[in-house]
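A, B, C and D label the chains in the order they appear, each numbered from 1.
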Amino acid sequence: MTFKVISKHPAEEKSNIDLHTSLGSLSLPYPVLTASGCAGSGKELSNFFDLSKIGAVVTKSIMANPRSGRATPRMAETPSGMLNSIGLQGPGVEAFMNDDVPWLSKMGARIIVSIAGNSVEEFGRTAARVRRAGAVVSAIEINISCPNVSNRGLVFACAPQSASEVVNTVRRAVGPQFPIFAKLSPDVTDIVEIARACVDAGATGLAMINTLLGMVIDTKTLKPKVAGITGGLSGPAIRPVGVRAVWQVHSALPKVPIIGMGGIMSGEDAFEYVLAGASAVSVGTASFHDPSAAIRIQNELNHLLVHHGFDSLKEAIGFGHRQTEEKEDRS
Amino acid sequence: MTFKVISKHPAEEKSNIDLHTSLGSLSLPYPVLTASGCAGSGKELSNFFDLSKIGAVVTKSIMANPRSGRATPRMAETPSGMLNSIGLQGPGVEAFMNDDVPWLSKMGARIIVSIAGNSVEEFGRTAARVRRAGAVVSAIEINISCPNVSNRGLVFACAPQSASEVVNTVRRAVGPQFPIFAKLSPDVTDIVEIARACVDAGATGLAMINTLLGMVIDTKTLKPKVAGITGGLSGPAIRPVGVRAVWQVHSALPKVPIIGMGGIMSGEDAFEYVLAGASAVSVGTASFHDPSAAIRIQNELNHLLVHHGFDSLKEAIGFGHRQTEEKEDRS
Amino acid sequence: MKASIPTPLQVRGEVISLKRVGDYFQLSIAAPGIAERMKPGQFVALAVGGQRSSMLLRRAFSIYTADPRGVFGGTVEIVFAVQGGGTKWLSQLQAHSPVDVVGPLGTPFPIPAVPVKALLVGGGYGAAPLFSLADLLRTRGCRVEMILGAATGARLFGVVEGRRAASQLILVTEDASLGLSGKVTDHLDAVVERSGTELIYACGPMGMLKAISFYAKTKGIPAQCLVEEEMACGIGVCMTCVLPIRGEDGLTRMTRACVSGPSFDGESVLWDSIGTIPAGTYGSEASS
Amino acid sequence: MKASIPTPLQVRGEVISLKRVGDYFQLSIAAPGIAERMKPGQFVALAVGGQRSSMLLRRAFSIYTADPRGVFGGTVEIVFAVQGGGTKWLSQLQAHSPVDVVGPLGTPFPIPAVPVKALLVGGGYGAAPLFSLADLLRTRGCRVEMILGAATGARLFGVVEGRRAASQLILVTEDASLGLSGKVTDHLDAVVERSGTELIYACGPMGMLKAISFYAKTKGIPAQCLVEEEMACGIGVCMTCVLPIRGEDGLTRMTRACVSGPSFDGESVLWDSIGTIPAGTYGSEASS
């Protein structure tokens, strides 16, 4: 493909192009997903748009057992972002698979179930339970940004070894073909190293980024603003970090499909991730601001792709790399 | 000290308190500094306020030899932040010490010289040259967020071993008493580990955080927005990450003095860092928006301390920890 | 007492008017569709700060009045106090400014199936949602009394409206600048005793709601309390707005105020445990 | 030709008026102190987006007019095109809105010590800084001609003002809707030849400045070019706004446009190397 110029004749534009995307063995008609934890179980967002018209609903990370989550306050607004400390509140995998998944499926939504665990074993058990539901679940996203109870609470995503163990265990639990995505934390020295470990352990692809570890101190009470003391930073504030992470991983592992996320508020932002190498994108915090963000962003992305003369989404994936001789270093 | 309540009688407030701060062997009359690279050599800001009325001017990281820095574009605005890719442009330590330092000194500013290097040896050489100037320089800040040319361009700040080597070499170059501060990068899995390595290697204290590695892709040209491809993310967007870093390091190393920074735009933001454990704060990107930000923030901080009934800055340092039973983990 | 919950809309509204009322602002917004479906006790969530705002989250406000047949189409009114950047921005809006509104949100106040003697208690701007409730209760044959309290007279909202909406209105201010002196809870028992109150609705600061709940419990009167929990989304997807609620099965769950509330039966709220995960909560370490 | 540089101020200004002029907006701001010290070729940096804006950086605009004795105190005027969020916000300001202004910034246009025949070339809104320059040059006895060019007539700024300020005004539009057809550079040689131009000042798109510089060099005429480099601070502290400039010592340095510029002697600018570090630049790997 040759260099794309901004089309000067928007009137002549086709209005729709092929948005279909493939993430390894997972094929989706649309590239925009909800981000885990930002769409509840899907029901609430369905008041605002048709869930079957986006790529998939990624559900809130579910654990083996019911979880109360953390005490309140659980949030703080930050400049162009927010901090959350929910603590993975949820009904446990059994109730979730029995109540939420059938409803979503009835709505025609493609479902990606996000799972979490306090131990490698819990991940495996939860994945197996999800897999038992069969084709109603399109894929599993593995939220490895959880503390490993048996290793001083260190987050699985923070070391290649622990990340790899989780992915490997899930892979064995779901069988060789089923699409699984490891969701990476940006709070690491070398995200490519973790990405590689996950892929080597059997991940179909990667989802990135999870929130950044952050903190707000309330200058009225002089105490940390969220009960969990630290929390996860999300929203447009972190977008440059997410785009960088996707760019780096796509550079190193160009064949590995990536679900990009972090601060996507508009079609332009989604386009940035696609250009960096994402095959699909997830919309998280934006839905708090604009409940129909996912579908709006998908439409805006469509228009931008048309505007830039792309014939399909696939053509644009990683296009930023092809425009650049690589000479990455930093100040 | 007992629990502080918001004073209900602002009219009865004292208007000034003791803002003096000690960072190990470095004693400063005021706690607000400029951030390296955000105040040039000080001259330009002196159009807007009296440089002797803030704690110190931290100068742009200087290297052994003149540096052209990177090609343009060197910046991108991001939501509540900006990306920069300057590449440490500067005149080299010799010209800097001969031209800029005497001028700053004449203005009555306390001077903290930030140094950078491509190799451990360059750090040592540059530190020795700075030290030769004697008491005119109050301290050295060591910018270890530079790529190590002899180790695949890996950033010194990203591993305890390389960070420690740099600090140790600088310590030997400047003698045992001279205050030196290692400036940490947030782009690491475990900032406490790096902090500890720097302190063990002889750092008087720590400065944190440097920028986060980020990236913006221009959705018009479909290419990375800055010529260096990736750049450093600064501004209020990153403040929760900076506060968290200071909090974690102060928790682990309560005796080690910290210069806190990252997104400080107001006295409240500076107060957040002080409550998290910073003994002084640096103001960076805010000066681009408001050239007199440093002195304004210092005044606002003063008022807040008075308002909350503190008798001195020192009383407030790390106060947030004393308000909280620690039970840190994450979602 | 369960009411059906209207589907929320997202609407690009337009400011009709903004006026100061004591220490508060009263903002009227043309937001077609929202007024039409709103029921008392619901709220709207407004985007704040304009197009390139650094404030990402919507701000929640109880609906004060809803007029489906306003001159400019369906109109909702809110009453707010300036707290931080979001409300400050709202307080500077001008007629015709666009405002992005999501609503109506939350579960409406439950309405008794039979006519009862109801007492509505509002603290400060917490009075706002009580007037449309009073109107609805009266159409159902209820007798409605109202207590409005605040620190000062300037913070007492809805005095005129209250006289219209309630058969009896009691005013209470801490500085005694208007009505009785003290807190609403100082005068609650006298009113309840005198009126034979059978049901209480309350909206205001947490401390007031808690005191009213405890009082109502001792009297065996149900009290519906409208709480203000910090909400990131307001639509039920983020789980930030939870508080410990004891269900009919006796089990305590961390329950979303934005969808299951914002009003709860006072007896079901574990007031003393707000800000904690009470032992035995569904899914807490202790319970599993 | 060196001019002394006034000390900049930071001022809380107030919008006096905002009006559309063709495709541009003309914004007049009461900003006491700035008009008084401004010299032609300087710019102001405006904070955009209001109090909780997510847009952190100031936007730079050439000063169009400066009136130290405006009705509301010293007043500066700028002319701008809407590009992104910042200029969009500016285009929605209303009279009396506050605007935070830093200025005057940059090194003024150098003014010749003796009267010369000067040609001022403006592309689009790039015309803005040329009128106060023309006035100053005329007070120094210079003869001032002006070429204004743009893609369309609606993008031609300052036609009326140009007739006043210049002894001869040539208009050029690419669509031939006003004046001559084509680009300013198509007509440059004819004007220079006819007028015996001794000095050129130019402001407009990079491509135009580059073409003018190359042309002027072949003619041995100095050309002062006002460049637009992206600026994070505008005051010289951040080093984002650099471009490769060859100094009098023959050495190329990455030079800050905000303090050493924004106008440079066209011959000193390495136009073809903008966006790179040319080999041999002071401090580049090759040079060290």
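Things worth noting here:
The criterion applied here is as follows: a residue touches a chain if its C-beta (ideal position, glycine included) is under 8 Å from a C-beta of that chain, and two chains touch if they have at least 3 such contacts.
Small disclaimer: the values here were computed from a predicted structure and weren't measured.
Common neighbours of subunit A and subunit C, by the contact definition above: B, D.
Separation between the centroids of subunit A and subunit B, computed from CA atoms only, is 33 Å. Taking the mean of the C-alpha atoms as each chain's centre, subunit C and subunit D sit 56 Å apart. Work out the mean CA point of subunit A and of subunit D, and you get 46 Å between them. Contact with two or more other chains is made by residues 70, 79-81, 84, 86, 235-236 of subunit B. Counting partner chains per residue, subunit D has residues 54-55 touching two or more of them. Chain contact topology: the protein chains form a complete graph, every chain touching every other one.
Interface residues of subunit B facing subunit D in the complex, by the touch rule stated above, are 37-40, 43-45, 47-48, 60, 65-75, 77, 79-82, 84, 86, 89-92, 227, 235-236, 285, 287-292.
Residues 7-8, 10, 47, 54-58, 100, 102, 229-230, 232-243, 253-254, 259, 274-277, 281-284, 287-288 of subunit C are the ones touching subunit A in the complex.
Listing the residues of subunit A that touch subunit D in their complex gives 79-80, 236.
Within the complex formed with subunit B, the subunit A residues making contact are 4, 6, 70, 76, 78-81, 83-88, 145, 147, 153, 155, 158-159, 187-190, 211-217, 219-224, 228-233, 235-241, 243-244, 247, 263, 268, 271-272, 275-276, 304, 308, 319-320, 323-324, 326-331. If you check the complex, the residues on subunit C that touch subunit B are 54.
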